[in-house]
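First chain A sits with chain B, and in the next complex the same chain sits with chain C.
Entry: the complex of A and B
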């Protein structure tokens, strides 16, 4: 695949030399736009975040160096504690409920003899193309304690008294996890589905000739063969839900109290409502470190990264 | 319950028993699928039908799927009480422009990684991949300060900044361009085709479906985003759709018909694009994950 200059003699020598030298620099030219954007808007701000997290700055005036004060302040900040705990619940909810559910749906949809596969796949995927703002606005109305459809159905079908989906501390977190389930299950399903379709049929045929039943085949063939896709999906879910913002912002505004506040929402408030830019930056850096460390652990548990590329 | 449950096998179980079991499993499978279909679509159908009802009928129990007294008042109110058209056009233009820009440059960078061998390639590739690990939450605050200092807050150009040339797109484009036959490129070179013309004339046409998928994904990302515009835009005459919808919630919290009509109209372009290009989009998104 290595590139060589076009054979000389076909074109005039000078033009050919010029072209040969452009072949050498072409990849760098093609990559320049990305690296300019990367330096200006990703790497630069990341370094600036670390710098900012060691300083106190209220939006005006100069930065004053405060060492690790912002970090120690975070550890004693009640709102940050609540935000970290809630975000952990969202991530766990997504990993422990959405992930198995999407794998189950994919397995069901991939089964022999299932009809309207394309229709189901498209319909299940649909929620993810809607803005989280739209979703949160709809669920805000659907989960209203007094007038919402959910409580209406629950009380008329099961006779249950109205549940305070959005205004009691525990239910507020549950509702946000429900929104995550609704929005992400069909999206993650398509990755598992693609993974399932990639498993060679012969493996199952050989296994069933050897007398392995469906459950044995699932645990011995399907699960191990899905390892790379699962690792990929786990990382998407982790980095996505660790930064959850719109759902708590619109559904509950982090409430009641700070019972459903997320870390990104904490950063938003610290920076843009209280002008504590250093504290906000420190929370961002901490989030990054934790997410990065967990992703590394997941990558090594799933044994990926070694044979990558 | 799984893919493997219904495989033919030549075991000794009596035939009739087996096929009855299979039939039951298949029925169970479809029950499960229809259950999730209802879960996924009910909120949308409820909202769509509610947007055509007068406010008194929206919360009637049992809910009416087909409005008994259909009205378009919610939609006409939307255009007369808030600048919905402006929000809508701004979102469409910003998302379309950003997606076109990013798709083009992702493909160009993906081409470089897929079809050239050059010194520093490995380091550059790893730097590109490492940018995937940086969560937006860490750069939100410093990027806001940077953009404000550049004098770009409330400027349309600033709306695009976090969405320019994402590494994920480069990675996906590389996966697709790798499979473009190198002989095709060599043949064009011998015909005197320059490197950039090679990209435009040979690579782009071959990967067109993947480009479409990436464009749609980028469009949806920008069109749907809320956090960045919420930070960078303070001037309400420059609101995008998501900011506008959120302002509806705070200003007209009890006018549910208005909110429902707004969300349905906002969802319309994404639904149209998705339904037209669903196959490319779903296959394009998963190709990177499975091949990688």
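Entry: the complex of A and C
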């Protein structure tokens, strides 16, 4: 039997149908990798954490349903209270000290006439690329009460008695905030610098012609024009600092006592030192809810997304 | 009929549903209960995965496996995974939960064993070694068996006997004419005087680490938990010991550092400002020799001062017990190797020779190889003569699933007492109450 081509009237609709269904499926195919990763590593674990927070589980064996017991335990748990208070300290320290400092540094580096800009930018950025282990070791040696360089200098130059930087509850938190300042100011400065460089020079020139001084220019032009960058930086500082782990873990291990314990460290201890995964999950869920709610409030205050609408 | 009807397109809802199901499968699979009753291999080639926190252990097991391959039914190949004590335990627990690649022999640092006591994880994941240690339980020092007991069964065999003694800098003792003290009260008094005159301490403690408190508490005869796992910390012994540390810190007999094992502790060691430490045997190799090789020959061991109110002549702190995974085909081969290496006199003497860890089997202490050992770092001292007198009097450490919780609370209590925010009695009472409330 000879092979004959099918009538063109049959082929055309089939090909067009195939093309049409491919066009419909294509977006899903392209989106699939994202959704698989999202579901596997974000949505799945989140749902599992919520499920786990309602159960008691030691990491092996069966789950036993405990309802909201893990959440109520958190509200009566002294360690969790301490961790929440300390984390609030770190967040406030980062928002009220690191943020203004990085903006100020960025403004200085963006000013005309400043020499060695590249050198300063690199110097300020360097701490963020250093390994946290090295940072912790360094700060441990610097801030030790008996043998630290800081106390040595304070005592020999100013005659100040030794300060328990890492030994006393308040100073331990202060030291961790100092590490945050040292480590993140230069990093956040880069965001502000990028924002500053995008502000048209003409605005400053016009303001100058109208008689506005540097302070007025800063408050009336720079700060409003940096609003989107500031909103972004505030949100990443908030979410990052609320989940702070490395600095207190390596520098003080949450101590002395629980004086510098962060919420993520509390979660780590509950899960991986005490095998209380339900309690750890409840703390994680609670942290997520609080950080998410505050982020939404900040987004709303800064009007993030409103311009695009 | 249009094409969309004949070839129904994937709806968004269907797509998300399918993707969700796909994502949940591995999660749910990972939570599936572990299988049990795996048949154990009886002979032939076998690969043992040894997970531990120190390379010495694996090297030693590998050397024993070589000998055992020639004489026993198994032909061993050793593979290893090494990480720090906490991480290796976490990895192992994750592996047991996921029923993934399991360790054949797992090194469990003593403080980590409490994690296996929660919800009877030890019984679920580890082989019961009670009758498979190579020697009966009473052939070992009970001090080194009890820490790995859960619900009456022994789940690990100890690798070391970390007896606590006084490490003294002989040159500083001579130069500063430091007298020997019989009791801790005298020691603190002498330490205060020496510090006032020369600025040199007779001990170093960390500001929120319960190690030194725990060592002295056990020497005094106190415990964190009793034999049944009940909280026993709120005791006169605990208050006495914490008071001793506070007194020592206040008069300079003890220097307080934020990190004993890190930079501050090490720099203090090298500044010649400390004439003595009270530490277990591993302090010699892991801290002194590693950080201060130039001080070789300047140190010697002496027995601890005693508590006037009673207690032991020594204490113990630290240790790593080796356990065998329960549901693995190589279980019997792993137990054979473990019982040969840790449960026979020959194995324990060999372990002592290769790694320096003190034997836990009583009969191994009679071996001339063990007794005649001299330590060049300690000026050629015949250290085993001292250890041999202390070993039979070593206190026993009782475990509890709340060990980590209490340790954390004690860290806070020690800080509070050292800084004067609480009296030792208040600090201990609060730590006990907080532990009690959180473990309820």
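Definition applied: the second predicted complex is superposed on the first by the 275 of 309 C-alpha atoms of A that agree within 3 Å, B and C clash if a C-alpha of one lies under 4 Å from a C-alpha of the other, contacts with A are read in each partner's own complex, and residues count from 1 in each chain.
The working rule: contacts are C-beta pairs under 8 Å (C-beta built on N, C-alpha and C of every residue); 3 or more make two chains touch, one makes a residue touch a chain.
Source: prediction; values computed, not measured.
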- request: Following the overlay on chain A, give me a clash-or-fit verdict for chain B and chain C.
  value: clash
Query: Where does A:78 make contact in the superposed view: on chain B (first), on chain C (second), on both, or on neither?
result: second
Message: Applying the document's definition of touch, where does A:218 land relative to chain B and chain C: first, second, both, or neither?
response: first
Query: Which partner does A:48 contact after superposing on A: first (chain B), second (chain C), both, neither?
result: both
- request: Return first, second, both or neither, reflecting whether A:166 touches chain B, chain C, both chains, or no partner chain.
  value: second
Query: Which of the two partners, first being chain B and second being chain C, lies in contact with A:60: first, second, both, or neither?
result: second
Task: Check the residue A:264 against both partner chains and state whether it touches chain B (first), chain C (second), both, or neither.
output: first
Query: Is it chain B or chain C that touches the larger share of residues in chain A?
result: B
Touched partner set for A:147, first chain B, second chain C, both or neither: both
Query: Can A:232 be said to touch chain B (first), chain C (second), both, or neither?
result: first
Field: Touching partner for A:158 - first (chain B), second (chain C), both, neither
entry: neither
Task: After superposing on chain A, check 223-231, 259-267 or 421-429 and name the one in chain C that bumps into chain B.
output: 259-267
Task: Could you pull out which residues of chain A sit against chain B in one structure and against chain C in the other?
output: 24, 28, 35, 43-45, 48, 137, 140-141, 147, 272
Message: So in the complex, the part of chain B that touches chain A is made up of which residues?
response: 1-7, 9-11, 22, 25-26, 29-30, 32-33, 36-37, 39-41, 43-44, 46-47, 59, 61-63, 105-106, 108-109, 111-113, 115-118, 121, 124, 127-128, 131, 133-146, 161-162, 164-165, 167, 170, 182, 189-190, 192, 194-196, 199, 220, 223-227, 230-231, 241-242, 245-246, 249, 256, 259-260, 263, 266-267, 270-271, 274-275, 278, 282-283, 285-287, 289-290, 292
Message: Taking the touch rule as given, give the residues of chain A at its contact with chain C in the complex, in rising order.
response: 13, 16-17, 20-21, 24-25, 28, 32, 35-36, 39-40, 43-45, 48, 57-63, 73, 76-79, 137, 140-141, 143-148, 164-169, 252-259, 269, 272-276
- prompt: Across the complex, what residues on chain C touch chain A?
  reply: 3-4, 6-7, 9-10, 15-16, 19-20, 22-24, 26-27, 31, 33-34, 86, 90, 93-94, 96-97, 115, 118-121, 124-125, 207-208, 255-259, 262-264, 267-268, 271, 401-402, 404-405, 408, 411-413, 415-416, 418-419, 434, 437-438
- line: Within their complex, chain A touches chain B through residues 1-3, 6-7, 10-11, 19, 22-24, 26-28, 30-31, 33-35, 37-38, 41-46, 48-49, 52, 104-105, 107-115, 120-127, 129-134, 137-142, 147, 149, 152, 156, 182, 185-186, 190-191, 193-196, 198, 204-205, 208-209, 211, 214, 217-218, 221-222, 228-229, 232-233, 239, 242-243, 245-246, 249-250, 263-264, 267-268, 271-272, 277, 280-281, 284-285, 287-288, 291-292, 295, 308
